Amino acid sequence: MEYYFGILQTLGFHVLLGYSAYILLLTGQLSLAQVGFFAIGAYASGILTVLFEWHIFPALFIGAIAAGCMAFMVGFPALRIKGLMLVIATIAFSEIVRLIFFNLRWRFEINGLEVGPDGAQGFREIRYFAANGWEIYEIVWLIWTMVAVATILLWWLDQIKAGAILRAIGSDELAAESSGINVTSVKIVAMACGGVIAGLSGGLYAHSTTYVDHNTFTVLLATFAVSYPLVGGLKSVFGTLAAVIFIQGILIEGLRFLGDYRTILFGALIILVMNFKPKGIVDENFVKGISEYLRLNKKLIK
Amino acid sequence: MVITSVDVIQSIIDGILYGSIYALIGVGFTLIFGAMQKLNMAYAASSIAGAYCGLGISAVLSLNLLVTFFLGPLVGGLIGILVYLVCFRFIPSREHLGSLMASIGALFLIDEIIVHETDGSPLNFPELGIFSEAYFLVGEFGFRGDLIFVLIVSLLAMTSIILMLYRTKYGLAARAVSQQMNAAILCGINPHKVNASTFFLAGVLGGLAGCLAAAAVGVISPLLILPLTIKGLIATVIGGLGSIKGAIIAGLLLGGFESLFLLVRGVNERDIYVFLLLFLFLVFKPNGMFGSIIDRD
Amino acid sequence: MRNSIISWKYFLAAYLIAVPAMSETTINIAGWGAKSGPLRSFGVNSQAIIDAAITRVNENGGVTLEDGTKAMMAVEYYDSGCNAEQGIAVARKVASETNALIGIGPTCSGVAAASFGVFQKKVDDASDTGLQMALLTDTAVRNGLAKISQWTFRNTPNEPDMYDKLFAWVAENRPEIKTIYGGTETDQGHSAGTYSKVIVQAAVRHGFEWVNGPIEGVNGTIVEGFKNVLSSSSNWLMADTNFSVQARAFKKSGADMFIVSSHPFTTCGFLKELYRQKGMPKMLVGLTSSSSAETMKGCSKQVEGMIIPTSFAPITDAAKEVAALAEANGGAADLHSAAAWENVMIIKQVIESVGITGDPANLQDERRKIRDGLEALETTEGLLGTVSRVQDEGEALKPYVFVQAQSGNWEVIHDPR
Amino acid sequence: MTVLSIKNVSKRFGGVLAVDDLDLTVDKGEIVGLIGPNGSGKSTTINLICGVFPMDKGSIKLFDNDLKGLARYERSHLGIARTYQNIRLFGGLTVWQNVWIATRQNGIGSFAKKLGALFLRSQKSVEAVDELLDLFALQNKANIAAENLSFGEQRRLELARALASEPKLLLLDEPAAGMNSEEVQELRDRIFKVRDLGISVLLVEHVMELVMNVTDRINVLNFGKKIAEGKPNAIQGNALVQEAYFGS
């Protein structure tokens, strides 16, 4: 059972990471900065629980807020540019964050043990959960409550004007601006929201794995973060959820029985999915099919 | 250690020479971007894969190892066509993100196939014969022979590609397809054929770049893929999207700055400064050095 | 058609006969490591050797259980990549979904640092909900990892001891060598940690001088002044490809001995550049991890003469045999993977000494017994001789030799055993 | 009362002077035509008014507000709305959402109210959207994605979206392009309805059938310069205009 709970944990923070990229993708921006916010959340909340012995909840909260503030500040310069330029600029940002943590050494003794981030040696002993007697299902419960809240909020977003505005910007920036939408500030707010979610995810990650180092927060993870909404489809937030289950659950964990060939199949399957579903797994037809099946189509649309 | 002006200039020379590899990869990205307005993330991976295949074929057939430098580009070109077929050909052209994601899938696939076949261990790569031994001393400054060779090759490649784009029928067709796809189709041009040729051409260039990069390092390893992808993209973007000249200059500059910051600030902080500079550059000059101003009404 | 039905019946019959045999107790163990990504060779090597070791145990009749009967051993090997999440997932899977008594893994030190953290820190601490299964690591070599949990043990080389003896030997045998200079991959915990906290201090302890004058705070004691070591050296990163600035600094230093503390890929890249700049010193010392076949595949010419202390070399009969078996299984025996053989043998020894029933119903108790058995071990038989266990830390002190790269092979130049 | 006044405006693209020292006004309740051969600077003029790109010199005023330096969305808030030569809709959104996006309660409301509009669907905005969809005969398509509409419907939707922002000045960039004469008639009626709402219109158009029948006043551009201005009848007879169009 422990194993499946463990996988649920992993799925949980990847879903949140995917959501943070999803919000920005709605506005048409492909950002690889999410992993930077994820790292900030991980280190900030880890430092708070380990070095300052905070309770987990305020630590997660502050971690998320710190990442959100950073996203807000980076959003100002970064979101003036778009497309491929933004991809590169956000890679630059994520790498700067990663390298700062690579150089960060902040250790002192707590209860006779020297703890804290130690540069390339990583940041060990983020054992709040285990040390405070949290059973794994409780951790999973915490993570998935966050995921559920985020999912509901993002689903709700599509029912209200704010969501329509995000998608309008993604569809045609010039027309959106001429229709009276302050595109830049909307994008910055989206970036900040994405930052908060990624920071939260990072905090949960750090405490679930008990150890973080800069090698975790590479461009590879950033690529995964944008892959989830792209593979899942931008039509609905459930696309991202489905893609995380598909990629992390099925391709990475579920195919273990394939042994050596699992990782090769991974790339091949992504290519296959994109050829048959270029708009992602959960595309228009999928949504239509589901909603017709549930006979909810009247309520869902509009 | 005291850093003298000689050290500074020497490190910039080293960096710029090494930057010619970034420039070559950048040119490949630029070619594909110019043709389709799309990003092929698998490009650096297929370049390295081309070099691996060249090395493998020469080893299996016990050919002269220098044949690698002809086989690598050829296989690189073929892999380019393959990537085009699986990631771009059948995905509707307006689905930019779909083919982007597919090419990321191809990056993982190629990377993992290489890892699987070689167990990820670095392999000795044939050096560039006399060039690798050559080390020119001009006054107090040293120049690596093989990297000068790489630089010359990348300049030649740039010239021949520009000639090809502006002087040949293929070039005319390629430019027509990239600018006015529908009009080109009406003129009887098959855009898929033209795009496939562009991917082949870029692939050949990539295979060459992969071989030269591996030869310059002396070993080939899947670890080369990610840095080359990122550095190549940076060169493409700083140079200005679609500008071949820009990609070359940006690649060289990138190498120079890297080397300079390494000397002055050490390896742990080197990339912080490089990326900070990159970030600021993009913010203040979002169209790159030679990019046309895009996105008007 | 008819034939196939008959053969199918035979198959069924054979199966039914086979069932009682299969219901005999099997002792399961689990292994995991990087079988994907650039470090795949480590996983492949470990798995090849674990398989060979299990086959050997079973050929000799298997392992003796508490009631005196024999049981076969079986292993399942998982791919955890060099990825913390996957390492944790596999550790959890093995602990909760299989009846493996003990695990062997993982490959990467970063993964070990993360996954050891999800194990219970102290045994019998009811408030600690970490995993409770013993783990005996073969590869992850970064200093001091096994201390993270009382359930984790390692059978990896003890670098402080090896380098101490290495420099003592160099000081004695090569008196013309006086000054040193070096560098490392700073983004790899193992390379950088060992270099800055162990190797340089050991060299200073044995009278070698840092070429540009003494480094502040470095007095020969392990760890002291390690930050200054890094800032005085000329370093690179694991994925770097251009080493001209660093090689120039090495050459310019003019030291008698260079320390190159990195994994094979950059070791080769760096040495090739140094060679090109004609900056080769009188002597080269490398990181334990570079004493592998990869380095020879990548740059046998440039690495010529490099000396590395290693806990494995095919010099004893047992070691030669393991090397041959590994090759037959599609892997290679080196200081990392050879430990996997020893681990299987240690596990067999522990099982026989603490008495195991192999009954899945007692799984949790027997995992605990195995752990206590491991903890109690004072010495084990290694391929190069007796390995002593460091009590309370879960670490090992392994016998070692010094090897030198000589025309494409790692030759043993000194055997202090 | 003057709604829009353009004074001495110029815009250069590289070597081409797209708009050359242009003066133009639109009065309240007026429908003004802007015609000229291809490349004479008509669309550029509209783009300058909307702030798609900055002008080189001159001034553009909406009522008393100088538009210089204002962002596009700020110009929209002041009361400028437009349609595009090549239709630009939010393809993935429904017809209803396309119009909804542009609605707002002009001028009134605190920050909290604006924020609230993002989350709540006020009765007023729902009514406004429904009304516009009725006006443009799109009510039965409300839940269809805009990209699935026919060409004519897309043109109507774009107009509906432009009106949703409650503009004071509507800029139409060749709204009749590709329409048959029946559709042009409908369009003419709609433009009159727009005027009846008290909105001034600046119409750039090639279809003379529309321009001559709907406008109060016509400005003619050639090579970025205004060559004539006057009532439709007068323009029809103007020799300069004929020369510009037919090169005689």
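Observations
The chains carry the letters A, B, C and D, assigned in the order they are written, with residues numbered from 1 in each.
Simple rule for what comes next: contacts are C-beta pairs under 8 Å (C-beta built on N, C-alpha and C of every residue); 3 or more make two chains touch, one makes a residue touch a chain.
The structure displayed is predicted, hence computed values, not measured ones.
When the interfaces A-B and A-D are ranked by C-beta pairs in contact, the top one is A-B.
The central chain of the assembly on a C-alpha centroid basis is A. Distance from the centre of chain B peaks at D, each centre being the average of the chain's Cα atoms. For the pair chain A and chain B, the distance between mean C-alpha positions equals 30 Å.
Centre-to-centre separation of chain A and chain D, using mean CA positions: 41 Å. Separating the centre of chain A from that of chain C, both taken as means of CA atoms, is a distance of 34 Å. Annotation: 73 Å between the Cα-based centres of chain C and chain D. In chain D, the residues touching two or more other chains are 52, 84. Residues of chain A in contact with two or more other chains: 102, 174, 260, 263. In chain C, 36-37, 186 are the positions where the chain touches two or more neighbouring chains simultaneously.
For chain B in complex with chain C, the residues that touch the partner chain are 1, 7, 10-11, 14-15, 18, 112, 115-116, 119-124, 132-133, 135, 142, 144, 213, 216-219, 221-224, 226-227, 255, 258-259, 262-263, 266-268, 271. Touching chain B in their complex are the following residues of chain C: 36-41, 44, 186, 212, 230-231, 235-242, 244-246, 248-249, 252-253, 264-265, 268-269, 272-273, 276-278, 293-294, 297-300, 302. The touching residues of chain D, counted against chain A in their complex, run 50, 52, 71-73, 75-77, 81-82, 84, 88-94, 96-98, 100-102, 104, 117-121, 142-143, 145, 161-162, 164-165. On chain A, the positions that touch chain D within their shared complex are 160-162, 164-165, 167-168, 170-172, 174-183, 235, 284, 301-302.
Taken in their complex, chain B has these residues touching chain A: 33, 39, 86-87, 90-92, 95, 97-102, 104-113, 115-116, 226, 230, 233-234, 236-237, 241, 268-269, 271-272, 275-276, 278-279, 282-283, 286-288, 295, 297.
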